[in-house]
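Down below are the structures I want you to see.
Two complexes follow with chain A in common, the first pairing it with chain B and the second with chain C.
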Partner chain A sequence: MTPWAYIPQLISAGITIGAIYALVGLGFVTIARASQIINFAQGEFVMLGGVITFFLLKRGGLPYPLAALVAVISVVIIGFLLHILVVYPLRKASIPILLMATLGASIFLSSTSGLTFGTLPKALPPFSGNQSLQIGGIFIVPQSLWVLGATFLLLVFLYLLSHRTLLGKAMEASSTDPLGADLLGISRNLMVFLAFGVSAGMGAIAGILITPIFYTSYNAGTMLGLKGFIAAVLGGWGKNSGAILGGFVLGAVESLSVAFIPSGYKDAVAFVILLLILYFRPKGILGSPYIDSRRW
Partner chain B sequence: MVDSNQREFRKRDLFYVVPLWFLSLILPDPHLDHRKESRFRWRDLFYLGALLLLPLMWPDTHLHHLMVLAGINAILALGLSLFLGYTGQISLGHAAFFGTGAYTTAILTTRYAFPTLVAFLASALAAAALAYLIGKPILKLKGYFLALATLGFGEIFLVIVRESPNLTGGVIGIFGIPWFSLAGFSFDTYLKQYYLIWGVLIGLLLFSKNLIRSKMGRAFLAVAASEDAASTVGMKVAQIKIGAFVLGAAFAGFAGSLFACVMSTANPEAFSLSLSILIIMMVILGGMGNLYGPIAGAILLTWLVDILGKYQEYSLPIYGLILILLLISFPDGIGTRLNIRLIYLISYWGRKKRRERVEL
Partner chain C sequence: MKGKKAIILWISFLILSSISWATPAYLAEKSPYKIGVNLELTGPWAEVTKTVKRTMVMEVEKINAMGGVDGHPLDLVIEDNGFDLGRAAANMTKFARNKEIVAVVGPFEDNLQATTRAIAEREGITDIIICPSNPMVRGLKQRWSFNIAQNDIIVSQKLVDLCLARGYKKVLVFPGNWPLALSLAEYFKRFGEEKGIEVIISKETHKPTDIDMTPQLIKLKPVIESEKVDALYASTGGPPGPIICKNMRTLGIKIPIIGTHAFGFNFIIALGGEAMEGVEFGAGKPVVPYQLDKDDPVRPIVIDFDKRMRERYGMGADQIAGHAHDTIWLIYDALKRCHGKVTRAKFRDALENTKGLKSCHGIYNYSPTDHDGLAKRDMVFIRIQGQRFMRIKFPGFE
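Right, the complex of A and B next:
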């Protein structure tokens, strides 16, 4: 059987993981749109979402939906705390310092999670059964459909938030014209604070969605976070649609690469794509409002 | 050299006033005039004397080993200081050049039986050549995107090292690298290695000091201050950035070669992202745009990592916490404006007493 025969199957797997990359990328974009800060601890939210749900479900004995809800709320609180304790005191510091501070937070969160919840990889039970569906010769796990559906709902929610509410418009304003936003009485610090909450919540939901399919271990967050960022850059930095497209493209390409190159190189694929896109088209596939393609 | 925010006094400064006062006696202040940095100062003689005498006064093998590692980290931090501190660019893939140096030495000495000195020089050349090839395309990026691209390069380097067992020994690495030897004299104890590494470091420090005073060093500072302004007065910004990157990589190559000779092994675990983070922390805590600061930062953080190693599984959470706390307390480096901050503190106490008196 040639590698070509696997391609539809691989693409369907890639789209599932791509949805997660898209959610993580959206988390990055949400914070960056409010403040031009990049939170390198974004991947840890995903990991914490999955791990806390597992903990509440297995040890706490809570019902599944309640455990998921509590996990999302606690990760949102962690996101708020991250802003108050780490990012807010350093809001005037230069890029390398903020970068190192969020990386330090990422080290702290992942190792603390390993310490509290154990270092073994965790897998949640799927939302609805293990019986895989067969559609046109492709096997699909029902959880994949859950992932896609939930991602779609989150996107709608995010779209309504940023285009139909005053809060979303205020967030947008504080990013595009900080001085103008200040003059209109928009508290930029509050906007960044809320953006951290929203992106932590999205990360946690992504984590809960993905844990039934892929094992989530305490140190999985860093890589997921980086790939989400790569997805956001690939699609077009600063655009919601860019992060979504980038996520699906990255997931599909990464998944397809398994058919053609040794699987040990799989982690390098995303970074090679990143270097190529940064070199040839830094504004991404859909273009970016923040990056001028001539000089940046 | 980064536009440091002039911060007012804050109450939490009171918590570290005593250690601060001790540190201010010995730590270099990165905020000094750059012209002064290349002049001879009596303080330099004090540092040199302390370096020479330290291992003789404390004949403790663990301390010697720690200082050897600190010296290697200091070479790395010094090289990155030229790129991050002086030129104002971020590199999260510096560990890859360190690894290149270590693997070049490992392969040349174990497979082809080259003398270590040749391997030492070849390591720096290899790292510099790699940096030139990588730097040419990615140095047009800025800020977070440069950080991400260099991080990606570091990860690709690790994957390649792991996946080519014929060349690099894969995950297991290369063993049995000979001690560094020079004209028949082998550096086989920690004490000898201490003098070797700190000797190399002093040589590189003198080189950097002169470099900073040269036209190129001034160009680094100009690029950090404003790329647009630098290119307006006719500087070739891209070339200057590549120059700083290649120099930093060459320093890392030297450090990697020494690391391979000291540890006598080279395996991918030693060259991961966490090392890159550690080096950047050394430069930031030492103070950007300063040559002595990164060395002080290297000693401090190597010592910290060694102490944390005793706490087993608690070491990483504490490490992350300490990194954040240090960054929040000293975003401009530990030594920066220490004297001024101390005067602030003392005057605050004075004011407080006066206020209380008035209220009574």
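Right, the complex of A and C next:
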């Protein structure tokens, strides 16, 4: 049997995980646009979303939608706290120091989650049934459709936020021209604070969406964070559309690679792609507002 | 002046508390036998090793309440290795250099055992390891190291029996890419082919950290269909097991799944949910304490242990708790047979001469050529049914 025969099924698997990479990537971009910070705790938001929902559902006995909502709200609060306690005190420090600080916060969050909620892996029940749908020889879990639908809604929300509201425009302004934003009386710290909240919320939703398909555990955030970062760089660092495209491309390529090379190298594929992008097109597929192409 | 007083008070308090900790007053007349415990108390398996620690503490308390070993209490010196090779080695060396320590228990993970075994061999101290041995370490024929879990050979033999009983003629193996999973697959192929079962080991493997096996299984699906495979054997441990089951059912692969003894944990069922229904495997007896035969020699031990665990910690016995229980009783038994003259070398010889010791997992027999203890008869067939472990029996195969 030739590898080509199972490509449709592989692509459909890749798109599901791609949607998650896109959401994580968007989380990175949202914060980076507001403050130029790369928030390496982004993956932990995803992990916390899944783990807290699991905890509320199984131990707290809350109904599923309420547990999910409470989890998203708590993760948003954690996002705000991350800004207040880690990023804001270091606002005058250089970017590499902030980067290390978020890395430290990420280790702190994952260890705390391991201590509070336990280290064993956890899976949530699917939103609607286990029976997979068969469409033209391709099997799809209903949860994948939930992932895609919710991702789409989040993207619309984010688009409206940044293009149609004053708040979004203020966030945009403080990233493109900090001095100009200051002169117009936009509080940049407030914008970064809000960006942390938005990106934590997106991460948490991504976590709740995928935990029924895959599983989550206290140390699952690191890998998801890295993949999301790669997605954002691949699509074009600093662009929302870039992170989305990068996520789907990365998911599909990762999944497709299995058809041609042994599956043991599946994770390596993402990093090889990152290296190739950094060598040959550092501004990403769609180009990046932060990387001046003339320098390359 | 005030500060100094406070420091002195503190120091004396610490000394006093440490003394009272080390030697309970009622057993103060004879020195304790100290056992070093080198466990992954933090890191990915923290929850599982917590069970190990709790069980060992509970069993040691029971032994001490019974009067210890000929009046000497047992004393556990517990150190965390944080799932880190360096720290596991450091703990092992520290225990080996401490002349009071008679033997060491741990580590729990396969990846760490090669190192601590080497240190045990060099320093001359017994190391009882809570995971199965693998062909690589068995090949070294180390004198000082003992494993207490069912090894890959007997697990594979048990699974071949399962296939014979179920009438599977052709089995596809989807192994993990780590040594123990691969050797389970290899032995399964060897023993299976001796009994006339056709075994295909897939070239696709998976990693312990893979959260999605769909791509691999998509590639295996045409093989399963064209070769008319009767069952898929997931030679793996930990989260990948339920993920394989879930992903297979999602892709519409309906053939039966057989698993390893690592499927015998409640969190595995919780992870896999409905997809785990009908999965069959061979596992240790503590998985189904109340479904063992009435005349099973270890049934009363397992049930008593299960009751005490439920009473004290609110959780029943499982395989890992069973291993921890057996470790302590093996140590107790070997110390007893040292007849009061306990040295490291005497303890090792006594442990190696363990014969017919009944404990949770079965009947332990060690010998100079067998440091694994258990045999095929110490395993039972399990089927996951209604989200619970059900024992299944086949005439002629136990």
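A few comments on the model shown:
One rule holds for everything that comes next: the second predicted complex is superposed on the first by the 295 of 296 C-alpha atoms of A that agree within 3 Å, B and C clash if a C-alpha of one lies under 4 Å from a C-alpha of the other, contacts with A are read in each partner's own complex, and residues count from 1 in each chain.
Here is the rule we go by: contacts are C-beta pairs under 8 Å (C-beta built on N, C-alpha and C of every residue); 3 or more make two chains touch, one makes a residue touch a chain.
Computed from a predicted model, the values in this text were never measured in an experiment.
In the overlay built on the shared chain, the residue A:Y159 is in contact with neither chain B nor chain C.
In the superposition on chain A, contact is made by A:G264 with both chain B and chain C. In the superposition on chain A, contact of A:L275 is made with chain B only, not with chain C.
Contacts of A:T112 after superposition on the shared chain: chain B is touched, whereas chain C is not. Taking chain A as the reference, the larger set of touched residues comes from B, when chain B and chain C are compared. Look at A:F139: by the touch rule set out above, it reaches chain C but stays clear of chain B. After overlaying the two complexes on the shared chain, residue contacts for A:A13 are found with chain C alone; chain B is out of touch.
When both complexes are overlaid on chain A, the residue A:L90 reaches chain B alone and has no touch with chain C. Across the superposed pair, chain B and chain C both touch chain A at residues 114, 262, 264, 267.
The residues of chain A lying in touch with chain B in their complex are 38, 85-86, 89-90, 92-97, 99-101, 103-112, 114-115, 222, 226, 229-230, 233, 262, 264-265, 267-268, 270-272, 274-275, 278-279, 282, 296. On the chain A side of its complex with chain C, the touching residues are 1, 5-6, 9-10, 13, 17, 114, 118-123, 125, 130, 132, 134, 139, 141, 213-215, 217, 219-220, 223, 255, 258-259, 262-264, 266-267.
On chain B, the positions that touch chain A within their shared complex are 2-3, 5, 84, 90, 92, 137-138, 141-145, 147-149, 151-153, 155-156, 159-160, 162-163, 273-274, 277, 280-281, 284, 288, 313-314, 316-317, 319-321, 323-324, 327-328, 331. Contact residues of chain C toward chain A in the complex are 42-48, 177, 203-207, 209-212, 214-216, 218-219, 221-222, 226, 238-239, 242-243, 249-252, 267, 270-275.
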